[in-house]
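The structures come next, written out as C-alpha cells.
Here chain A shows up in two complexes: once beside chain B, once beside chain C.
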Partner chain A sequence: MSSLKRVQQWATFARIWHIYDASWQNPFQSAGLLKKYLMGTYKPIYHPLNDCGDHVVVINSGDIALPGDEWKKRVYFHHTGYPRGASWTLAWQLHKKDPTLVLKKAVYNSMDGNLQRRYTMERLHIYPDANVPADIMKNISNQLATPREVPKRLDHYSEKEVEEFPKIMDYPKNYILR
Partner chain B sequence: MALQRQGLNLLRRISIHGTTFTNRTDVRSYKRWVAPTLKELNIRTKKIGDTGEVKPTPRSSFLEWNYDAEVFAFGKRLGEEFNQDLLRKALMHKSYVNLQELQGNAVQSDGNTDLIKKGEDIISKYIQLELSKKYPDVIVQAIHNYLTDDNMLSHVGVHIGLKDIILTPEYPPETATIANTFKAVVAALEESSSLENCEKFVKDFVLAQLNGKEVFDIWEPEQPYKYLKGIKSDIEPRLCNQSAAKTILANYQVGIYSNKQLLGLGWGESVDVAKDMAALNVIQKIYNIK
Partner chain C sequence: MNSILKLSRHFLKLEPIKYSNRAISIYPHLKLKEIYETQNGKELLIEGVHIESPRSKYSLKMEDANKCSLCALDLEVKHTDVLILSQYVRNDGCMLPRRVTGLCGKQQRRVSSLVTMAQKAGLMSNLNPANSNKDPKKRNGYKKYNKYFDESTLKKY
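Up next is the complex of A and B:
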C-alpha cells in the first residue's frame, strides 16, 4: 500500500467532532438529527457493522424547550427491581435533577435497541451549559445547524432598540401606564 | 458374566503397558489407522533426513521426459516462432556446459552467456523507451529497476514454464538463473524473428507486470515536501482542516498553495505527515501519474 492510499484510508475513517447548541431546541427533534451524526449514517461508507460514527458535543442542554405541556405531562418511569420499586418522574423534575438527562434519554430512545447503541451513546457528550473542557473544544471541527431559531425576548433588546421600534400609535401625554 | 471378564482382561492389558486410563469410559474399537499412519510418517521423516527439507524431484528425472518435445512446446505455448537451435542455446547455461565437458560428454554449444547480455540490453532499452513516453527520468529509472530485477524476471520466467527446461546443474534453479534464462530467451526470440516481435513479447510479459500497480507503489520520494520544493520553489503549505486533534484519531488536512492557487491536498495523523502527503499529491499532478 502506498502512503497516499494509507492516508486516504485514514481520512475516510477519521472521526469528526460536531458541536450542537441545544438552547431553545426540542430534544426529540434534535435526537433524530444527532442520531444521524452519532451513527454516521450520512456517510457513503456507512454500514451497520462499520464503526464510522462521529462525536457530537451538545452544549446548553439546560436550556432545551419541550413542546406544549410536555414538561408537566411527560413521565419517566424507573423500577429498582425490588417490590414497590417503581417510580414515575415528571420531565421537569428529571430536568431539575440532571439537566442533561432529558436530551440523553431522547437520543437513546431514538435509536434501535441493539448492541451498538451503548457504544454510539459514548460518542455523545452533553453539557448543561457552555462550559466545555478545553481538551474537548480542541477536537471540534464542525457546528451543526439547529432546526429552530432561538427567539429573542423583549428584555434582551436594549432600551434604545425598543425606543426606536416603529409604533402604530403614541400614548396620549396624560395616559398613565400601569 | 463373560462380558465382565472380558472387560477386566482389557483393563489388565492396558495397565500392563504402563498406563492406566482412570478416566476412560468406553473404547468402541481399535483405531486401525494409527499404526499405518505413524509408520508412513516415520518413513517420510527418514526420507527428509537431518536437513528437514524435501528435495523436489526434477521433472526431467521422470522416465517419459522428452526434452525435445518440451522445448518445442515451450515456443508454441507462447505463440512465438523460435529457431529451435537458438532456443536450446538460450536454455543451456555455461555451468551446465562445463559440467558436461568435465564428464567427458561432447556439447556443441558454449552456453547462453552472450545471449543473456543481449537479452538484458533489449529488455532494458525497450522498457526505458516505453516508460519515458509517459514519465520523467527518475520514475523511469525506478520502474525500470523494479521490472528488470531478478525477482521480477524470474517470476515471469517461472510462470511461462522455464523452470523445468533450463539446463543447469542446480535444481530447483536459483532466482538469478531463471532471470538470466528469461533474458537469453528474449535474445533468442529477437534472433529468431525480429526486434519488433521481440519488443511485443517484452511488452506482454514484462511491462504487463505493472498491471494493478501504481507508480507510488514502486517509487516514492523519501521526503516528498523537500523533493517538491526542488521542482517548484514558490509553494506554501497551509492547514486547511483538522479534526479530533486531541485524540489518537487526529486527522489534519494540509493544502499546498502557489500564488494563492490550490495545487494539492493531503491528509495525515499529524501536520507533518499531511504536508508530505499533500506534496505527493502535487507531485502526482505535476508528473501526471496515476
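Up next is the complex of A and C:
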C-alpha cells in the first residue's frame, strides 16, 4: 500500500471536524449542506448503519439571514399536551430567546426521523458568535464554503472607496445639493 | 410648540422676535454657485460662479446617448450593490425623482425597489434622516435581524 493510499484510508475512516460561518446565510439552505457532512453521505463507505458522520462546528448563528419578511411570517408550533396548551412562536421571537435554535431546528427537520437522527445531531455544535471553546477549536481541519456572499454595508467602505467608485449618475446643473 | 413659546415670551417681556438663522433660500441657484466679490476702485463686482459637481471627476461617459445610463451599461444591479444604489438617493436615504436621476421608467421603478430592499436589509443605514437610529442592530423587534431579498421577485414592467 502506497503512503497516499494509506492516508486516504485514514481520512475515510477518521471523523473530520468542519467549521461553517453562518453569518448572512439562510439556515434552511445551510441545513441541506450541513446534513451531508453530519451524516457522512459524501463518503464512499457510507451506509445508514455505518457510523461515519463528521462533526460540524457552526459559528455566528446569531447573524443568520432570512429572505424577505420571513422573520415575522415563519411560525414554530409547540403543544404541551394539555388542553389549550398550543403555542405559536414567530421565528424572530425564537431567535431572540436562543440564537442557535432556528438553525438547529432547520438541520433537525431536514433529516429523516429515524433512530440515528438524535445521534447525528450530537455531532452538530452551534455557537451564536465566534467564541468557540479551545478544546473544540483544536480539532477543526476543514472549513465549509458558504453558499451566500456576505453583503458589505455602505458605512463599512472607506470614504475614499465611496468617492472614487465610478459614478453612473451625476446631478443636473440646477440641482441643489443637500 | 417652539413658536408658541417664542410668541408668549414676546408678549410677556415685550422683546422683539429674532430669527437669527433663516433656513429658507429664496433663490434656488444660490447653493450651486459660489459668490465672489471684487473691488475695482469705485466699482464692486459681485458674481456667482457655478461649483463643479463632486461626482463629475469620476463619472462614466455613456456611448449610447439615446438610452438611460443603466440601460446603456446593461448592468444587473442587485440590492447589495450599495455603491451604485447610493448614487440615486439623497443623504437622508430618499430616492431621487426621475428628472434628477435621468433614468427610464423601468429602471427608475427597479432602482427605487432595490433602494428599499437595501434600506430594509440595513445596508445603507448611514443614509438615513438625522434623528433616526443608524445602527440596524438597534432596530425594533423582527427588524433588527439580518435579511436578504431575491431580485427575481421584483415585478417586471
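Everything below uses one rule, namely that the second predicted complex is superposed on the first by the 155 of 178 C-alpha atoms of A that agree within 3 Å, B and C clash if a C-alpha of one lies under 4 Å from a C-alpha of the other, contacts with A are read in each partner's own complex, and residues count from 1 in each chain.
One rule holds in what follows: a residue touches a chain if its C-beta (ideal position, glycine included) is under 8 Å from a C-beta of that chain, and two chains touch if they have at least 3 such contacts.
Model, not experiment: these values are computed from the prediction.
> Once chain A of both complexes is superposed, is A:Lys138 in touch with chain B (first), chain C (second), both, or neither?
A:Lys138 sits against chain B, while chain C stays out of touch.
> Touch test for A:Arg15: chain B only (first), chain C only (second), both, or neither?
A:Arg15: touches chain B, not chain C.
> Touching A:Lys160 in the superposition: chain B (first), chain C (second), both, neither?
Neither chain B nor chain C is touched by A:Lys160.
> Have a look at where A:Pro172 lands relative to chain B and chain C in the superposition and call it first, second, both or neither.
second
> Touch check for A:Trp71: first (chain B), second (chain C), both, or neither?
Second partner only.
> Touching A:Ser2, do we find chain B (first), chain C (second), both, or neither?
Once the two structures are laid over each other on A, A:Ser2 reaches chain B alone.
> Report for A:His55: first if it touches chain B alone, second if chain C alone, otherwise both or neither.
A:His55: touches chain B, not chain C.
> Could you look at A:Lys97 and tell me whether it touches chain B, chain C, both or neither (first, second, both, neither)?
The answer is neither, since A:Lys97 touches no partner chain.
> Compare chain B and chain C by how many residues of chain A each one touches, and report the one with more.
Tallying touched residues of chain A, the top partner is C.
> After overlaying the two complexes on chain A, where does the chain B footprint on chain A coincide with the chain C footprint?
Overlap of chain B and chain C footprints on chain A: empty.
> Give the list of chain A residues in touch with chain B in this complex.
1-5, 7-8, 10-11, 14-17, 55, 135-136, 138-139, 141-142
> Would you pull the chain B residues touching chain A in the complex into a rising list?
Residues in contact with chain A: 214, 216-217, 220, 241-247, 249, 251, 253, 266-269, 273-274, 276-277, 280-281, 284.
> If you look only at chain A, which of its residues touch chain C in the complex?
Against chain C, the touching part of chain A is residues 23-24, 26, 63-72, 90-92, 95, 148-149, 151-155, 157, 161-178.
> What part of chain C is in contact with chain A in the complex they form?
My answer: residues 25, 28-29, 31-32, 50, 53-56, 58-60, 69-70, 73, 80, 82-84, 86-88, 90-91, 99-102, 121-127, 134, 141-142, 145-150, 153.
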